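Each structure below is given as structure tokens.
The same chain A turns up in both complexes below, where it pairs with chain B and then with chain C.
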Partner chain A sequence: MDIVDILAEVDADSIPKETRDLQELTRAWVAERVAPELLPYPDSLIERVLERIRKQIELVEEQTGNMDPRTNFKLIIIQTELERFKFLVRSFLRARIKKIDAHPLHISNLHSLSPLLSTSEYQYLTQHQALLSQHYASSFLSQFPAGLQRLDDTTGGTSMIDKPDEDTAVFVRALRDVGVINVEGTDRSFEVKRGDVRVVRWSAVRRSVLAGDLELI
Partner chain B sequence: MYGDIGNKLVQHAKRTQSLAHLPPYQTEMVRAVTREVRDLDKDVAAILEPFAGSFNPSTEPATACALLVNHLCMRRNKRCLLAYHRVRSDKLEEMCWSGIDVLERQAQQQSNKAGGDGSALMGANGSSSSLSPEEEEYVRQYSDLLAAYKGQWTDIDLTGSLEPPKDLFIDVRVLKDAGEIQTEYGAITLTKNSQFYVRQGDVERLIAQGYLQRLS
Partner chain C sequence: MALPLPPGLTPPEIAFLCEMELVTVIPRQRLEGLELLGGRLPPLNPPHRTPLPLWLALLLKRQRRANILPPPWLSPHSLSAILEYETKNEEGFSPTPRLPPLPSNNSIMFSPPFLPSSTAEAAPDALPYHWLELGEMLLEAAADDFEDSDNVRKLLQGLREVRMSKLRKGVELLDAEGGIKMNGVGGMEVGEARAFVGGVIDGLRKIVASREQQRRDREKEERENGYPSTADYDEDEMEMQ
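Moving on, here comes the complex of A and B:
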């Protein structure tokens, strides 16, 4: 352990929890918008953030009657912060819904292997899928020969289950020393140190990103 | 020819992607492609019939080839149909998210048409809707689903603006009379052509609906 590690540890503890949550939320938001696949749902983080948003709304409601210019000014700051928090959560959830809508079957398969979605997202996915297949069926599919009515057919050379492109390039910044990363399928490999910024295939860095060693930017 | 209509349908879908509104549903084409698939399926059955279940592709390459072509055409037609419907349903979903009431707009368009075209076209009105009945049903159910999902995030307002908020208060000009709204600073009466300095969160809905215009 050298001095950098010690400093890093002290840093992490001295930051208040609220700030760390904001940092985590921002990170999750950026990552979700950049990563080609759906990332696991940060259950406890979102819950904490929502709890805090609710408390702030209550506070604002309580203090609105107050005409003292000083509290009024404070309220404006709180409300501005509140709007920004809401925006982060909203944009984060919308980015997820967009991915869920784009690759529903693929994501639902992955979700059954290891949880990826929140309960309500899963509900949304299954119901949306049911609606879509019902729509297709009533529009034309019900008149098709029985062998061709499936929506998740993988025979015949073309799989009907669409997948995101896992080899898209992403920008990553190293939060810790990661060591050597091999890019699969090529003979390229490189070492990543703390603070480095790289453009890499998503598939090569996925594991380090999920472990929190790298952040997407 | 095989797959011709399917191709047309895909071209239609491609065009739809770059349009702001939804062009009329191609009922005829969809039916024609479906019919083609059924005919092809019958052909396949007819070709296979004399073999009574013991068809061996390597001894009859010509027949095997015909079968393959038929099968591929059916699959292709299916893909074309799926793509066409998916593009349209995506578009409808987008409208649901942005708060446009698709069904109401449909009804309005129809009544406008009825008024403008006179009585000559009145009879054809039922089919002039650009949505198929299935799509209307789909929109109705999807809005319910969206409302249900949104309802779990009451504090966030999922369909709100996706632009990062800069200012808490903004200048707006009223484009259409919107009546009185309640804000925490009291009630404001929104009359046409007046300007206000209001909290963005209070009027976001009205901006999206076209009652207010944001002044920068």
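Moving on, here comes the complex of A and C:
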């Protein structure tokens, strides 16, 4: 380790919490946009970011009346950045809603095993599903024989619960040395070192991505 | 309400990511430090060089409040050296910038666009992840800050073509199992290749899906019967590391 490395390390530790959160939020956004299935909701991260956004909006509201050109330009910078953050959060949440809409029953089952959704997402999912099933029941399901009225029937070899294709190929980058990754059902296995970029099945890297050793790109 | 876009990032979204890269700016006006959501913005004191995120640098540049110092790898000299490497080495892309040392504690890992790979202190001999987007954006907004912008533009175009043809040739290596290594690929290149590369791998996989399913069932059976199988071994090894 030479002096440059030591300096860089000191630098890395002095990086403010805000910048770390931006890196985390950006990573979460990219991952959610790319991953075939819904990822666990980063509760505390979103809470911190939303709180900062709220404070920044307050600041903008307080200072908007100020006509001093110098303050004015500062406000432009603050607002530009604010809009960038709002875009990140909004796009992140909308990408999640898309997945929730696509596979509601599957996600609801997963969520009951280990928490995946935020409180409001769970509320959205359950209420949306309740409305849907009520509507189906009143418009046509009630006229079916009792045995055929279920929307989540898994008997008879085929499941009615749709789920995403977990073997979809994704691009990943290694943040740490991961070791050997084995693609289940095949002879393929390979070693992944820090900095490597690979195109792999989601199912083969899911665990490493959730552990933070790999990131989706 | 739900996002209408397909999985993967669109080119504007990749550009959005690239705008978080740090670039070095030579301010022409004073500006006090600001508390931003992404961390504190250092005060600007002409003519002291300051690293700023690209979106802000472009904003200042458009208002003629600052000049942008292009990163060392975006010089004709470096680009022609990298172009020569890319042309000579048919396998794989040119090497990426050196990674920062691993943080000692368990803190979060930074990756592009949050690595300082496009500041004035960046390595001159390696293309960072957002090379194409960053080059294009700087040439568009700050062409007058380059010494020889036409030449840089030409070299970037050359690099893009060499690398695109590699990417296309790489498609021949794709198979159902996946796992192909693509070190050095750029952000925009991933965006362009995602649909096709992903589609080929997924398509091939579906063709051999029944064979794989048989094998998976057999392995599961073997596991339940207590016979060791290779998959088990690999999983154990992964957990140990």
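Methods note: the second predicted complex is superposed on the first by the 205 of 217 C-alpha atoms of A that agree within 3 Å, B and C clash if a C-alpha of one lies under 4 Å from a C-alpha of the other, contacts with A are read in each partner's own complex, and residues count from 1 in each chain.
Here is the rule we use: a residue touches a chain if its C-beta (ideal position, glycine included) is under 8 Å from a C-beta of that chain, and two chains touch if they have at least 3 such contacts.
All values derive from a computational prediction rather than experimental measurement.
Counting the residues of chain A touched by each of chain B and chain C gives the higher count for C. By the touch criterion defined above, A:101 lies against chain B and chain C together after alignment on the C-alpha atoms of chain A.
In the superposition on chain A, A:200 makes contact with chain C only, while chain B stays out of contact range. In the superposition on chain A, A:89 makes contact with chain B only, not with chain C.
Contacts of A:127 after superposition: chain B is touched, whereas chain C is not reached.
Contacts of A:18 after superposition: chain C is touched, whereas chain B is not reached.
Shared-chain residue A:183: touches chain C; no touch with chain B. Of the residues of chain A, those at positions 53, 76, 80, 84, 87, 91, 94, 97, 101 touch chain B in one of the two structures and chain C in the other.
Put simply, chain B touches chain A in their complex at residues 30, 33-34, 37-38, 41, 71-72, 74-75, 78-79, 81-82, 85, 89-90, 93, 132, 134-135, 137-138, 141-142, 145, 149, 152-153, 155-158, 160-162, 164-165, 167-168, 184, 199-201.
Chain contact summary for the complex, chain A toward chain C: residues 1, 5, 8-9, 12-13, 15-16, 18-20, 22-24, 26-27, 30, 33-36, 49, 52-53, 56, 73-74, 76-78, 80-82, 84-85, 87, 91, 94-95, 97-98, 100-101, 165, 167-171, 173, 175-190, 194-201, 204, 212, 215, 217.
Interface residues of chain C, counted against chain A in their complex, comprise 1-5, 7-9, 13, 16-17, 19-20, 31-32, 34, 36-41, 55-56, 59, 96, 99-105, 107-111, 113-114, 176-185, 187, 190, 194, 197-198, 201-202, 205, 212-213, 215-216, 219, 230-231, 234-235, 237-238, 241. Residues of chain A that touch chain B in their complex: 50, 53-54, 57, 64, 76, 79-80, 83-84, 86-87, 89-91, 93-94, 97, 101, 120, 123-124, 127-128, 131-132, 134-136, 138-141, 143-145, 148, 151, 156, 158.
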